[in-house]
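Two complexes follow with chain A in common, the first pairing it with chain B and the second with chain C.
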Partner chain A sequence: MLATHLYSAGRALDRGASCSASSLLSSTMSRAVALLVVCALLVFGSSGVFAASNKNPLVPNAVPPEGTYDGEDVKQPIEFPHYIHADVNKINCMYCHTYARRSKVAGIPPTGKCMGCHSVIATDKPRIKKLTEYWEKHEPPPWKKVHDVPDFVHFTHEKHLRRFVFDNKGMKVENVSEVCAFCHGEVKKMTVAHKVKPLNMGFCRRCHEANNGPHDCWKCHK
Partner chain B sequence: MGLKNINRRGFLKLMGWSGVGATVAGCDMPTTVTLEEGKETVTSYLVPEEYAIPGIGVWYSSTCRQCPAGCGLHGRVREGRILKLEGNPDSPINAGKLCQMGQAGLQGHYNPDRLRTPKVRKDGKLVDITWAEALDLIDQHVGASSGLNGARFAWVSDSVSGHQAMLIDNLMSALGSKNLFIHEVVNSEVARSVNQAVLGDATPRYQIGKAHAILSIGNDFLGTGDSPVHASTEYTEFRSSPRGVLGVVEPKMTLTGANADLWMAIRPGTEGVFALSVANVLATKHKMAIDMLPKAIQTAIMKRNLNEDARLTGVSGNHVIRVAKWLSSNPGRSIVMVGGTAEGQVNGYQNGVAAMVLNVMLGNVGKTIVASHEFPFPQLEHRAGGTAGLLDFVKAIDNGGLDVAFFSGANPVYTAPAALGLKDKLASIPFKVSFTQFDDETSQLADLVLPILSPMEDWATIVPKVQGEEAVISMQQPVMEPLYADTRGLGDIVLDLLKKRDGATYGNYDSYYAYLSQAFASFPANMAADGKAVTWNDALAKGVIAVKTGEKQLKAKLDQVAVALPEENAEYPLTLIPTPRLGLWDGRHANIPWLQEAPDQISKVVWDSWAEIHPNLAKQLGVETGDAIKITSAQGAIDVKVYVFKGIHPDAIAVPLGQGHKGYGRYADGRGVNPLEILDTATVDGTNELALYSTRVKVEKARNKDTLVMMGDHDVQMGRKMVSTVTPDVFELTGGEA
Partner chain C sequence: MSLQNLLQDWSRYRRGREEGGFHNYEHMWGMSIDLNLCIGCNACSVACYAENNLAVVGKDKYEKHQAMHWMRIERYWDEPDLGEGRVSEYQQHGASFLPMNCQQCNAATCEPVCPVAATYHTPDGLNAQVYNRCIGSRYCSNNCPYRLRYFNFYSYYEDSWPEPLNLQLNPDLSVRDKGVMEKCTFCIQRIRVAKDKAQREHRVLQDGEFTTACAQTCPTSAIVFGDMLKMYDPNSTNPSSKVIELWEKHQVELGVTEQEKHNPKIRGYRVLEHLNTDPCIMFLDRVREV
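Take a look at the complex of A and B:
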């Protein structure tokens, strides 16, 4: 009972971006102490309590990380519809984010890659016209970053894809979007990406514990 | 409380609260830094190169430009940004190693104080103009129709080489001017002129790695010599089996001195006496032949008296005997090097000759001191310079004046002693152009300030000052796109000016890159060291082109040696040593925070100036480390904090070079003092070089303790034996088993 209670409180905190360091600085001492007690309980109590959570049948040998977050709506130079590409047309995430399996960053697709299709497909659509304008100016659209971790965190897409996709027995590469969704949510149902996972240390740690990822500090904090 | 004016108490308070925040947050708190959605722009490639993968670095070869040594670089580039510099293993200069100045080249490139647009001075203030307007303005003053008299044009530059040097030469001839003044404060010009006179070769190669015993007389070859990294790689070989012995004699301990088996403090200006004293012991005690020397020199050696010399130099006779023993056991496998504090004396030239006498006696010439390579492209060779360039420039202003002056690389307003009056004299030149990355002291007086590309963004070919086993041309290629669109390469600017003078020859080249790539389009096989043609891409990938060189032999020709003692000066009893450092160098790197915060190798002080004084002098003055003293020469005074240090002769006082900038960006401005300001303008006899280390000064206590920020507090172990030590003698006896 206690475990369930703590777990739901933990999720609430993951969502609660308002409980930020800056607000803590301006809060009173007594509130901070009270928070300290509650949060410390959460931190110590939350690990391992979610283990029985929703496994994804499309991703064998993996426990998806728990946690939600409601990010800001980021205005992009072109309102890129992920759902048309990844859901309607079933294009593999790694077709465009081609660096994900090779590098620490997934990479924004080169504009040339967009134009590979869109010099002939849907050329009359306003978004494609805008894209073509950029292309003709020899400028990539100034995309805004949605998902990020601090500079002191070394996160690599390549290692995570190897663990959950390429070295994962029984995992089909065509279902890779389910693995991407662990941290990015169901992007294939979105237009422009929206941050729906907290991507903080608790989120990372719980996944590493559940999936037996490395536990050394220096793995991420090099 | 703004972050800018936060004090210690406020900082601790904030840290306390942050600590609470961190504990409360645990691992689940979304930190402020993770909440950057929509703030940063991610720029994708338009069409990527096949090998470019975001997140994975690509290494490019280039050449370091932080000092004149010309070490080869490898630069790691990721997402179009240069992130890390290392040495190029293919360069025979540095063999894959790189010093702290080289590593810190990044901070010169990314420096927030870099100039971004051309500026012209109007009514005393600098205002933005376009490049076209700037070049037109230059053309009005030096163009074909300007009526410029070449003799009234001067260009003051730091040392240059390669195709930039050739283009500058060609421009100078097009303008009918011979006034190209190469100016470097940290230089070896006196030693070079001794080498030229005695050996017929200004830059012989000292084969440190092949020597078994080295005596350095003031030459800080590991720190601020002609090629510190090259010397260090050779030094590794010198110290490996059999372990060579190093003796260093100098007034103030340098990095090389700190590495010595025997370090000897010498009274500044008596280095020649010391050298002849060693020669005397070699001849009398070790019976080494001196009949190969001219009679006059033989007499000079034989009349030395060990005890009397010890009194004059401050180096004990026992030490002289010990050094002589090392040298006499290694004839033909030893080197006596002279430089720095020994050559920068009024009698510095003769100090150099006296050291060369030792080399001749020991049979080192042709064995450990070999001829420089006969470089097949003389027009590309390294143009070294010293302070003669500065003095000649001042002379050119005095004798009839100048109409136009260009400045690149050198910052003479900062490096010139105040006694030269350069600052005022510059006012008489109507049009002064500064090609610079930063708003340095010279640019502050210029009429036109043109922002040039950083070495990370520009093309060049570099011929190193001192070549290694193979002579090379080192390629400098941009490792990233220019940070600022409105900056230009120096090569491009010179090419533009040449086009206006000689369109027929230079009109076909769109850019300096086009000029260089055409020059290297077919590097002939018979000019390459390995007999294979070098393509442009090969040259860029490898970073160096080894060229075929001719053989030269050294032949020593000594005439006479006349060592003189420095004059007594009752009013100014001490000698000021403005010490160059492997860090801020001559002050050009004072705007690089990494080098400011890197502790000085000897005193461990950071971000400041200090004066090294001997404990005896400190006692006499009643000062201790941290107190401030006033150092007064006949030319002026500086006020600086004291660092009491045993590694200095009691008659010397050492103040490091590099600080005391007025301007030159936020990291350099108003920090410490510039000892060059109070130097006398006496020159080294027989040369036109300033005697940099001979200015006589007096000191007095100025203030009580101030903050001198340094790593560690004292240089002794307080009897705690944290590091066990043995003397070299004991080590030799026991093989290190004691």
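Take a look at the complex of A and C:
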């Protein structure tokens, strides 16, 4: 019912806008309607109706958290192209970030995992040559952390993946990158990962409220 | 959120006293400490230091009562009766020990006084302290009748864990900084790990599956830790536990201000329970004349 109301309200707003644009005649009546509509949008927009509208069809039973952020570019030892791996070649996020499904941290793969493919694939590319150098030196590339939360926040990848992927009926594990994108953005379109979500407490809380997450402080802070 | 939790919990507790206590609990952790088994070895205290990243403050600050021991052994002496006018501060015998960690009171006096709702009651029946919310007013500590809350007067990080000792820090919980109140959490990080494991395996948490660091370390098994929800809420589906057995054996009840014993020889009491704090730790010691 609310959706219908909003829909008609939105149409009224459109009509009101087009009216004022086409003819300069604007009655006090239409102004009042427009004001009412704006108020309705402000009130209902904050109550999650709009969040429901931007639901991701690939992730059932979930309301993606809202919020944007423009993080600093992090200079990595090798400019790892996420888009080639996750988008072009459709490698599952959890193939490399293998700890995500069973521990607090998602983890960075050991260099051995990179070399599993790259001892034969694209060995002539400059980035792979750099990787091979590290491999031959027996040193891992000193990757830098992009998504970091304060030490008093105990975020668990495992529990979130269980809620949104493994225990989520109708969710396909192939589409896990859509769930990762809730907090990490469209990493599969990026080269080096870039922080695009605020990852602050308000961001977490809004999502917990929309998705019936726990409200206990000690779930995350201890 | 937290403020709302706090207000709801408090009124729910007050209302619940007539209806039989808190409702919608997931667990209710409790403890039993047998003082006749306690040998005062301080192993529990040391285990707590190691498990919970407690700062070692040094002798000077210890003397100013600024030590950070969440589990402390209080020592009491019988009246000095050495005869022939001899007086000794430390007697050959007659010592009794009282291990004191946060009593996790159901009607915690520290909770309602916090100006920023940094301390509240969790659905686990624990009295929680949220470090990043705490502003260090120390009101809770002043309101605790047991004096079991500890304040970080300084930043102890560098003095307490110089390199490479910082590698011994437990990563499952925060290292507290200056200006924050802290207290025993009943090893919440262990509770979380065990609960997560049970949830992953789609089963209920069993009694004795995990325990707190102090109970694990106690050489005489004087400390017993477990879930008491079954005792508090008979409709609960949580399994019964060793702690409940002990509480029932020693006829100690929750939600009362004085334990009525059918037999005066049955041990079991709660510290300062006449203050109506309703603590979750029971001590076992026979009341005796000295």
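As a convention for this text, the second predicted complex is superposed on the first by the 169 of 222 C-alpha atoms of A that agree within 3 Å, B and C clash if a C-alpha of one lies under 4 Å from a C-alpha of the other, contacts with A are read in each partner's own complex, and residues count from 1 in each chain.
Just so we're on the same page, a contact is a pair of C-beta atoms (placed from the backbone, for glycine too) under 8 Å apart; a residue touches a chain by one contact, two chains touch by 3 or more.
As the structure is a computational prediction, the values presented were derived from the model and not from experiment.
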Touched partner set for A:K55, first chain B, second chain C, both or neither: neither
Chain B versus chain C as contact partner of A:H221, first or second or both or neither: second
Touched partner set for A:R162, first chain B, second chain C, both or neither: second
Touched partner set for A:R205, first chain B, second chain C, both or neither: both
Chain B versus chain C as contact partner of A:K75, first or second or both or neither: first
First (chain B), second (chain C), both or neither touched by A:K90: neither
Touching partner for A:K129 - first (chain B), second (chain C), both, neither: neither
First, second, both or neither for A:G112, with chain B first and chain C second: first
Residues of chain A touched, compared between chain B and chain C (which is higher): B
Chain A residues contacted in one complex by chain B, in the other by chain C: 150-151, 156, 205
In the complex with chain C, residue positions of chain A that touch it: 150-152, 154, 156, 158-159, 162, 205, 215-218, 221-222
Of all residues in chain B, those that touch chain A in their complex: 14, 17-18, 20-48, 53-56
Complex contacts: residues of chain A adjacent to chain B: 10, 13-14, 17, 19-22, 24-25, 32, 35-36, 39-40, 42-43, 46, 69, 71-72, 74-75, 99, 102-105, 107-112, 135, 138-151, 156, 195, 198-205
Residues of chain C that touch chain A when the two form their complex: 1-2, 5, 120, 122-124, 126, 128, 130-133, 172-175, 185, 188-189, 192, 196, 200
